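The two complexes that follow have chain A in common; it is paired with chain B in the first and with chain C in the second.
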Partner chain A sequence: MVRKLSFLLIVVLLMTAVMPSLLSAQTPDDTTLVIAQSVDVAGLEPASVNSRAEANIFFHVFATLFEIADDGSLSPYLATAYSISEDGKEWTFTLNEGLTCHDGEALTAEDVAYSFDRAFDPANAFTGNTAGFVFPSIGFQGTRVEDDLNVTIITDRRQSENNRLALISEVYIHCKDSYAAMTLEEAAQNPIGSGPYRLVEWVPDDYILLEAVEGYTLRETAFKTHYWRVIPEASTRVAELIAGNVDVIANVPPDQQAAIDTSGVATVQAVAGTRRIYVGFQFGENFADAPGYEALQKTEVRVALQYAVDVPTICATLLGTQCERASSMVNPPNNNPDLAPYPYDPAKAEELLDAAGYPRNADGVRFETVLMGPRGRYLNDANVVQAIGQYLSDVGVKTTVDIREWADYRQLVGPKEVGPMFFLGTGGGTWSALYDMTDLSSPTAGTNYTNWQNEDWFALWNTLGDVTSPEEEREKINALLDIFYNDPPWLLLYFQPDFYGVSNRLDWTARRDEWIVIYNAKLK
Partner chain B sequence: MMPSIGQIETIHMGKYILRRVLQSFIVILGVTLLSFLTIHLSGDPTYLFVSERASEQEIIETRAKLGFDRPLPEQYLTFLGKLVQGDFGNSLRSRKPAIELVLERLPATLELTFCAMIFSITLALPIGIISAIRRGTPVDGGVMLLAMFGQSMPSFWLGIMLLLFVGLQLRWLPISGHEPILSVMLEGNVGGAITALPEAIRYLILPSITIGVFSLSRNARLIRSSMLEVLNQDYIVTARSKGLNQRGVIFKHALKNAMLPVVTLLGLEFGFLLSGVVVTETVFSWPGVGRLVFNAITQRDIPVVQAAVVTFSFMFVLLNLLVDILYVQLDPRIRLS
Partner chain C sequence: MTQTPVTTLQIDQLAPQYSEWRRARDSLVKARFPILALIILGLLVFLTIFGPAIAPKDPNRQTLVDRLLAPLQPNTQGQVIYVLGSDVMGRDVLSRIIYGARVSLLVGLAAVMIGGALGTSLGVIAGYFGGYIDDIIMRIADIQLAFPFILLTIMVLVVLGPGVLNLVVVLGVAQWVTYARIARGQTISVRAKEYVEAARSMGASHLEIVVRAILPNIVSPLIVIASFNVASVILSEATLSYLGLGVPEDVPTWGKILAESRDQLLAGKWWLAVFPGVAIMLTVLSLNILGDWLRDFLDPRLRGNR
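Presenting the complex of A and B:
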């Protein structure tokens, strides 16, 4: 017995002696900033941005012509100024003098033109934001180099100034010689940027290490190095934040916010995001036989259902924050100020449904329908969908909820095979109402997921290219949003709140638009 | 001249191995077909590779470019033809060769799997033996209760509990992350790998325990029941009656025979542990194949999924083949039959 106890004692002593030496020493020093995202980049090709996580990295490695601020304003970056041709189709940008890329190559107008042309070149087959969204949205046709400092972006249409400038500011600029010398595969692994940080190391699914570029004058940087860690599990991200090993984490689950706020090490920053969360009513004829399809084609029914869902309560109980209900598809402050959010008024919903010709049957059901929704894409999405289904059932619209994993759901959203009602969230911006409204740019637009065919909307939309003043544009935008409000293709819900965990040592404010722009972060 | 018993055994062994190799080949072929079909059953993957605002024309062009417009059999045959050349195609998202993505993450997963196996086997052996020897005692009851508990705990829950308690509260070990050793060694930097070893072990402990607890519990129960069966055999009684001490009975006679079913299980164990790494790698931010496959599945990165599935199944089948051969060597009864 004595021998056994002695052995146990030795083990305990050894453990006590060894464990302190094993103590984790991961806390970053004052020159290092650690940010944790849930997903890694697929590659480091600046012309192929497929996720916000990628854009966050690229934004620090590559500069853009202008920079979009959190409030939607645009400030000069690589460019100092721009001018617009009389027909509004050609935009000429003037660059700063003495710009260089990270390899020392001079960055001139030719490089800017190359960055656009390379991303546009069908032979390169780029997908993602630049080729798939920015270029079609501005009607990109090509570029023209005027001289070393002036480059013209040629488009096929006149466009709202702020909207176009913001879109162009999503194109990452790089130098021609270095990229022309690399294959696409090499370029995707070896970014040579023009921004405030350069790539030091990328360990896939582990971290990306960036280092501040010495002598970079366009933006000030407080931290010498950035570690962008990949931590997919939310609980692990929170634990690393509370342990002081990470400075900023995104996507904090509502149920773990209290743990952060009471840790004394970090706090949660809640921001009203720009992502529009809504329930779409499907108008596509492929759903003609689906339950509830016929009823949902009636404007009166769709308006009635706006009163049936208690959005503020959903936000408070399921998203862990207060939120204002959306009154349009456009983010504040660019929305129509005359439109008030539909209030939660189930009695009125029932009244309107009665008037629309759908009274309750003997079993209390007016009609049956299906609400499809994803799991694992938006904040607490599956639970929100369940709640909406219950609210609709409460006013007599017996709703069966059909929840799919996001990977499967997304497969159905693209080809518009979701319905007769479906839950979705689409990204929005702070700089232009038209950016948010582009979802419904035509009856066949890829983002017109509901197949909405309102003739008044599309007729008015097509006149936007003829506007000659911001006031006229605003008038048309408001008229469009009126149409949307009164013949709603969406059951308007909320702008998704975003939660960031931020170390108390850091002076940094999270943005509304899901971008983690952190070159300007400082120690308190 | 009649062949000797040794020659007959050699011929039988050769036939046996040949048959097992053929069976393994069929299994791998089946796996490639199933993985190929399963991925295509859930819809058109084109939409994952275009912007959410892409036009119909862009979608059609992308579909053609990625080859998703071709008939499935044609896509499968193309895949098989390239597979025999070791070409799984490029990742649809990162543009890198899919097999390269798998192989560059494989060392991290093998480190984890190997450590989990060591954890599981080295602890299961004494626990199972002690439990069998002390059958019916509180020690046996307690150990079996713990084993049942170990088998009941979901690995993601155990992982989070470990990182919260050991990592966050006690600060004894890192919460997440990875320090490579195997990949460093494979690059020829043995000195670097040895230097990194202590740090690497710190990162390995929690995820290894998370993966290994279930198999530790199962192996401990298996060894216990196997030992109990052997301990009741006549030759053990004979050994005892000859005055052999307990240690001699256990280690010289009982354990050797009790280990036969355990050896069989080792091959399966590897596959089981590999399947467990997906969750554990996610919880501990371990940059291994499990997370790669999980992400590839959710993003419908078909070449990566196929490369990983075929690589895993190849390793699994090969290991089981080796175990089967080893088993024949260990157990003369099978060799003779």
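Presenting the complex of A and C:
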């Protein structure tokens, strides 16, 4: 009796997991590609994009001046060439001729300038990647239209060429007339792009349907339609892939990879990702009354906590792979070779916490704090957050774990309302140390989520524009990373390994930087 | 031969001393299944009270290197520590189920007590006074009934946030309508009885009439409903925890343990779903069997059948 009921229970649970998929199941035909991510877009405003999952979709709708590959190589896109002024502060881009936006409007230099200026306009209050990351990183000041095909981007600093070009290549270009005619609310619902795909339909929390733009010449498109589905549950994504309803899924949990590899319909592609996963220590004064805030302001405490977390074990058990702990915010091999990753040494952590003035009390607690984290955004994120909470509690820092659904969590990350400790991952690259470091390009940068104010860092950062040789730049980078290491605003964790489930019918290779660039995917 | 008239008093004296407790015991023995249900529920109460002493490990203690061990599978040091296996964080499933019993029973009983007390009070007031008071109370009940129960609780929990107290209050308040409707109907049927009239004519206050004359005579069906209701509240708690709306991360509940097993079903980690599932099933089944028996036992029409 009990065995029968147990069996019945399992069947019911499996049906619960798979039922939503069955209800919306649609086996894709040869003209349709279906991609499943764990999270939905927050809106359709190109200047508000602030996560890679969103950018993956927007990149297919909006073209950029150049396109960057995960090895750092750049290829022309809307622009064919660029030139740099003598002082290195002004960059002039030459556009292809005959460009149009999806509504048929001609795309000229004026539209490129408008795309930048609109994102920069304080009245619009955009906090996405363009305004929060790209502009502070390049010191954006404005634009100048030279003629129909030439537009100049004006900045306040010199910067390494590759890094600047890569950053500028993250700005989505759209047409002035169509966007000037819409309110911000209307623009957030009606994207009029310049890329190889146009939006057909967005059903929030379900899917986004894109359709290839006829006659688009800048990029080849093998599939007429793209479905970008939102499937928060990892097991449901896996079930959908195995059922043949989805072609690509992101964030395959390690425990379910065998189910995919043995299914005969799909395989797992594992790549060493470049996303920096860390726990941020919040310095913003809006958290001054939060538990543990005062203790976490002390450099000695933040250093001590680095020793408290067993990152290699987290990688081996919860992420299903061996990983070396990060020694900085920079992806290898561009990190400072003199900095060794903090080892797992709880005894040393306790010793340092004692020395910092936080001995254990009668209950064994040094101080209490809260660790916030998301569920469903990063690989096994909620479990990793719980594990970190346990490790911190083990050395006497009683940690309450506060896990929120990503849709709620991301609303707090942008305005820096996460803390006093928070779990986060930010995209990175292997081709430039500075690209990885631009999260902290200024004390007020949108991506300085911890509100870190280290004066030495920002003073040295501001001298990067004066470097005259790669060696000098490297020296400064190492010095910066040394500052970061010794006054850590992050509890350093790992570079996230990425696991994609890919249908056997598809010829597509996953990138290391988490961009799902899939306009060029083909059937085998 | 003369016959001595037998008075009522003499009949009572001649009848065997047959208490309600003895009648209940005999009825239980005869029915058999309710005894099993009582044993299971007794075990549940035992676990609830002595859980911390019995549980082999701290239910929240993670040992990552021991994660996803099957029942009785030795860990990396060759020791069999996890009788019912370990979960995705290396926590002991048995300990989590034992602690989960506390939450389930606490939530089930507390919510039914809140719902029962609130619903019975309002139902008796509505039935006793009638008129516009009855109309107001019962229309409120109708409005609440118009909302799907689970949707209502989800909405309230999203606003209040997860937590055992919030869960108990929400589930309790969600139950009151059932009790109110039954209490009202029963009150209407007894308020015209002679003993109520007698109490009223003797100058008893409304409160005295309700407490001494009405409540004792309508309590049986409410007890039966409550026994079923505990089961449904435990299921609701499991459902809400499964949806992530139940209790905080560090409070293990059966529903949450079940929810955590979702991602492991395809990986064949059956023990993560089966054991909490069986715990829920046995508890709910036991409460339903007991409720069935109680309903029959308290029904005077069926009294002669046992």
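By our rule, the second predicted complex is superposed on the first by the 301 of 524 C-alpha atoms of A that agree within 3 Å, B and C clash if a C-alpha of one lies under 4 Å from a C-alpha of the other, contacts with A are read in each partner's own complex, and residues count from 1 in each chain.
Here is the rule we use: a contact is a pair of C-beta atoms (placed from the backbone, for glycine too) under 8 Å apart; a residue touches a chain by one contact, two chains touch by 3 or more.
Since this is a predicted model, take the numbers as computed values, not measurements.
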| item | value |
| --- | --- |
| Chain B versus chain C as contact partner of A:A125, first or second or both or neither | first |
| Which of chain B and chain C A:E233 touches, first, second, both or neither | both |
| First (chain B), second (chain C), both or neither touched by A:Q322 | neither |
| Chain B versus chain C as contact partner of A:N462, first or second or both or neither | neither |
| Chain B versus chain C as contact partner of A:I403, first or second or both or neither | second |
| Contacts of A:F133 with chain B and chain C, given as first, second, both or neither | first |
| First (chain B), second (chain C), both or neither touched by A:A258 | second |
| Chain touching more of chain A, residue-wise (chain B, chain C) | B |
| Interface residues of chain A shared between complexes with chain B and chain C | 233, 235, 239 |
| Contact set on chain A toward chain B in their complex | 19, 22-24, 26, 39-40, 42-43, 45, 50, 125, 127-129, 131-133, 136-137, 184-185, 188-189, 203-206, 229-233, 235-236, 239-240, 242-243, 245, 406-408, 410-415, 426, 438-439, 444-447 |
| Chain A contact footprint on chain C (complex, rising order) | 60-62, 64-65, 67-68, 88-90, 244, 249-250, 258, 261-267, 269-270, 273-274, 277-278, 281 |
| Contact footprint of chain A on chain B as seen in their complex | 42-56, 58-59, 62, 65, 90-91, 93-96, 101, 104-105, 160, 163-164, 167-168, 170-178, 202, 282-285, 287-288, 291-292, 295, 297-300 |
| In the complex, chain A residues that touch chain C | 2, 5-6, 9-10, 13-14, 16-17, 233-235, 238-239, 253, 255-256, 258-259, 310, 313-314, 317-318, 375, 383, 386-387, 390, 400-403, 405 |
